[in-house]
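Next come two complexes, and both contain subunit A; in the first it sits with subunit B, in the second with subunit C.
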Partner chain A sequence: MALLLLLAVLDGLAYAAQVFMVAVGLTLIFGVLRVLNVAHGSFFAIGGYVAASLGAAIAAAGFSSALALPALLLASAIVGALLGPLIERLILARIYDKEQVLQLLVTFALFMILEDVQKLIWGVQPIFQDAPVRSLGQVAVGDIVYTVYQLYLLPGVALAVLVGLMWFLRRTLTGRVIVAVTEDREAATALGIDADRVYLFTFTFGVALAALGGALASPTTSLVPGIGVNMIVLSFAVVATAGLGQIEGAALTALLIGLGRSVAVYFAPEFEVVIPYLIMVAVLLVRPHGLFGRPQLRRV
Partner chain B sequence: MLTSTRRHVLSATAALAVPALLPRSAIAQRRPSELKVGISTFLSGPASVFGVPGRNAADLLIEQMNRAGGIGGVPVRSIVIDEAPGVDFLLGECRRLVQNEGVDAMLASISSGSCLAVAPLAEQLRMPTILWDCGTQRIFEEASYRYAVRTQANAVPEIVAPLLYLAKVRPDFRTLAVVNQDYAWGRDSWAIWKAAMDAVKPGVRVVAELFPRFGATDFSTEITRLLALRPDVIFSTSWGGELDTFIRQAAERRLFERSTFVLPLAESSLERVGKTLPEGVIVGARGDHWFLHPTAKDTPLLRDFVQSYRSRFNLYPIYPTFHMAQALFALKAAYEKAIAANGGTWPSREQLMDTLRGLEFDHLTGRMKIREDGQGLEPMLIGMTKHVPEYPFPVIDRMVLFPPELTMNPIGTKGLDWVRLLTPAAVQRAPAEIPYRA
Partner chain C sequence: MMPRATIVALLGTVGILAAAALAPWLKFVLTVALAKGLAVMGILLLLRAGQVSFGHALYLSIGAYTVAFLRPAVPDLLVLLPLAAAVALGVGLVIGLFVARYRDIFFGMLNLAFSMVFHSLLEKLYAITKGTDGIRVFRPTVAGFALERLPYEWAVLGLALLLALGLGWLAARFLVSPLGQALVAIKTRETRLEFAGVSARRVLLVAYAASAALGGLAGALLACTTLHVTPHLAYWTQSGELVFIAILGGGGSILGPYLGSVVYELVRVYAAAALPDAWQMVLGAVLLGIILFASRGLWGLYEDLVMRGWRRA
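The block that comes next holds the complex of A and B.
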């Protein structure tokens, strides 16, 4: 029983890491821009596809498979740098002051466009590039074989992102500026902060985080049309449970969902699919603004 | 004379009036300038891994057909619609194809939900419809259709055949776990397997029933559970990217070393997963087809199709391409048979449908029949993976072609009830294995 629980915890941590990596970008963008970005799942998918393409190019060129790991980071940086500024300046900047329903529709349209772009570039056949997993090898817990990638790398990167993001927002000038704009855009602007630049930077960073989530998932999963849809649904559940814009909340919720799901697979598999949503409903019934959310006054 | 004249007038009037009173489609038709065929398939979403190869096969075969004179001398033109947006959208598109585009026949669909909705619509619109890929056995068990037939088998033989194969090659298995996608196919195929297994091999203990979310990208928790449980057999009817992911994650964690896998849809993943999929895995192809089919491999028909498909799409054809070929070959055979029976006149829709029922026709890998209830009968090719130097992916060895008499329920029975009546003796009636040959 103790071994089973240990295995469930290990599986839960690995899954939580994946979920957190997708949700953190979404919650960051909402926290600062106040835009619920439905296209976030597309950035996850594109990050995965670019990482797989880079990995395939590295293998085809005959370079060491160890380069496949930094290629994951490079892929997310490329996607963030290319798509982030383009979409923020061309599309989102025009809808910041519009109704949330319109923002949802615009980002949904963007999501649909990006889905077709993925099909145009990468086709519909599943794509898989597992060099990063193979390069790290396996490790045994009892007689159960895990991959080092799953057991150490994924949770390690997620923890690094969480700690790094909290340090960045609390300890650096840029981070504090972002927090200032998030708290009160008008006051921050009056103090001379260029809010437009903050929005541009935050969105680009959020896109890169989503792409990093996809890039990290790509060595363990097949990239297929529609992969972004599945991730966005789960991410919304995490963000809603955490409280919109709450990074620590997203981490805690991802952990709850990861552990809840793996315990379900072990002890009550029929609940596996609904566990994230049961957790969401339970939290929102007790705390309607999410685990870390704060009630806000509505300006009429 | 007067009587004779009146009789002539009455006869002539009747001759003119009767066709006008009949439904237009019930009488022989004028030969059209082109035969428009609507095709519904998945062009987007996860199931496009089947839908797009199906569409590609249709494009290729229709081109070849038209170069050879079309169907009954009439060129064929396809109009393809995407079934991914859902059943309501699909029904609207089918209506549009029939009422606005004037299609002469429909080939529908991949999703069983789509077919369950399209078949009744075909009745309403009196539209000849061939169900080309969907698997649910319920369609012709729960209703009778005048305007719909299916040119392939259904879920019952697709599941019973790998079970009989497993019982034949691994008769000592005692425990089993299932990992199926959490949607209709995953649940229905497990229900058929479980009922059939209880009949054919009573006493097998099911140690885990795992149904990960449809579209899941990670199976590590399920794999850990299976590593800990060590079932003799792991059964999964997953497909597409999810099956590829499951295979790769299971291989990375050496799950294949602990259990025998039964993957009835894995023929469609062989080329993608490559030799990550080890030897000794039981795989199926949803019918009597594979690009290295043991009895048809050297026939010009299959060889030319595989060559032309591969040269155009840079992939080997997988089962949906064969299902599409079956549908198009059946349509051609039925039209030509009906035209011949009609004295060279273009047949009505009803004549076409009457011809389709009971039709025997040749396809890429053999000959098959459409039963009187509209259900297609074809053998099931099941075998075991083997690594060979000729291909960078596993081929299928130790193949058994299960005849429909052994795996398909008869007309008037329900598949799920029928499989409960199977006995262990069914395993002994399985035909002999056919080894892979290069």
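The block that comes next holds the complex of A and C.
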């Protein structure tokens, strides 16, 4: 019993780390662009696939498996740099002034397209790589033998992303410009800030974060069609529970939902998928704008 | 507007019956198209309020599974269909109480979340739902008669046509009623609606419950046509399909959903077989194209053509 609980907590931490990386990109993009990117889950999936392909290429070329870890980072950078500017400039830039329902439909259409792009490139058979996990070995926690990758690396990277992001947004000029556009786009533009560049940068950065989440997840789970949609729904649950646009809130909520889910995996496996949404619905019933969200003024 | 739409609806009815008589394999396709048209009409009601649901496959699957579960106890089609609609209506009211508090992003995504939860429950509770194997539905009786395959198929098609015509007329009446006008006002200026003393939440709840019942009815018809239900009916691709057809058909008329779904199903018969792994991609690309370049859909194109014809005459 205690053993199972400890296992659930360890799994939950590792899982929360992945979810956080996707959710924080989603909430950051929403904060700046005011567009909820339904295609965000696809970037998670594509990041995972690219990482697996890179890993396979490294193994085939006979390089040391120590390269498997930097390859994960490289994969997310590739996905961000390729897809981010392409999608933001070509498609999203056309819809910023449209109704919200149309913005949702456009990102949903993107999602439909990207889901099949994955199938066309990587097929529908499960893909799995575990070189990054093996390269780090295992460690004993009490009576449990756990992988170093999941125990230290995943939560470590997530924590680094959180701290780095907070530092970036509060202490650097680019970060402060982003915050300014988030708070009041018109006033920021009037002060001479190039909002278009901020949009492009934020979106690309968000895509790279989602892809990093996917790349880091790729050694711990099989890549199959459908992981993108599961991830967008789950990370939306995290973002909505935290309050749209809240970054620290997203970290706490990801932890809450990650732990809730992994406890369910061990004690009531049929309801694994239901738990995150139960948490979300319970929170939203009491606080309709999320745990940390602020109500918005209504226009007359 | 109204009389012209009636004429088009009647011409469409004749066309569908003629096509089904001339090419028997079209009967199945057209029945499925009409059933989906009903569900799409529900999406259209919500679109009128400026809201989009990415989870209405939930109600399709609730309707279909209601038929699958009740078929052994209730053998008749004419009882099963209203029962399925009633169950979907009930679930829609409960979920609607929650989601009608939200707009736009939250409305769309909360619906998606509910449908994904239901999809995973359908897959995982194997003892009850038989998981991805699905449940076979034995052909129900129609008004007490156990029909052979051919007359049964005609009966279901006829029923689907009657339901499409009747409910389409009702929905058109609803949209011009004060309640329907209040629904449109949610899209334009919700706060002013509330200043006028109308509860936007209650108006949206009525539309949501109606769309859930329509979805349930559509799912029940699908179950009675394909005679097999699987969790795939609750998957997000099905919800996406409904939204796609609504945009393809166009929101300008209650005939849009049916025009859209007949065109969609006819194209799908060929295209989905030719490109099984790229079908969603084609849909997504067309959806993007319509939203960016022809936002009034097929019905809008048709109206443009007819108007131009009239002006020339």
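One rule holds for everything that comes next: the second predicted complex is superposed on the first by the 281 of 300 C-alpha atoms of A that agree within 3 Å, B and C clash if a C-alpha of one lies under 4 Å from a C-alpha of the other, contacts with A are read in each partner's own complex, and residues count from 1 in each chain.
Just so we're on the same page, contacts are C-beta pairs under 8 Å (C-beta built on N, C-alpha and C of every residue); 3 or more make two chains touch, one makes a residue touch a chain.
From a predicted model like this one, the values you see are computed outputs, not experimental measurements.
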| item | value |
| --- | --- |
| Fit-or-clash call for subunit B and subunit C when the two complexes are aligned on subunit A | clash |
| Which superposed partner A:Leu36 touches (first subunit B, second subunit C, both, neither) | second |
| First (subunit B), second (subunit C), both or neither touched by A:Lys119 | both |
| Partner chain(s) touched by A:Leu7 [first = subunit B, second = subunit C, both, neither] | first |
| Partner chain in contact with A:Val273 - subunit B first, subunit C second, else both or neither | both |
| Touching partner for A:Asn230 - first (subunit B), second (subunit C), both, neither | both |
| Partner chain(s) touched by A:Val281 [first = subunit B, second = subunit C, both, neither] | second |
| Which superposed partner A:Val145 touches (first subunit B, second subunit C, both, neither) | first |
| First (subunit B), second (subunit C), both or neither touched by A:Thr220 | first |
| Overlap of the subunit B and subunit C footprints on subunit A, listed as residue numbers | 115-116, 119, 124, 229-230, 269-270, 272-273 |
| In the complex, subunit A residues that touch subunit C | 36, 38, 91, 94-95, 99-102, 104-106, 108-113, 115-117, 119-120, 124, 229-230, 233, 236-237, 240, 244, 269-270, 272-274, 277, 280-281, 284-285, 288, 298-300 |
| Subunit A - residues contacting subunit B, complex | 3-4, 7-8, 10-12, 14-15, 18, 115-116, 119, 123-126, 128, 130, 133-134, 138, 143-147, 150, 217, 220-227, 229-231, 261-262, 265-266, 269-270, 272-273 |
| Residue numbers on subunit C that touch subunit A, as the complex places them | 47, 50-52, 54, 98, 101-102, 104-106, 108-110, 112-114, 116-117, 120-121, 124-125, 189-192, 195, 236, 240, 243, 247, 277-281, 283-285, 287-288, 291-292, 295 |
| Subunit B to subunit A touching residues, read off their complex | 44-46, 48-49, 51-52, 182, 208-213, 215-218, 220-222, 224-225, 227-228, 240-242, 244-245, 248-249, 252-254, 272-273, 315 |
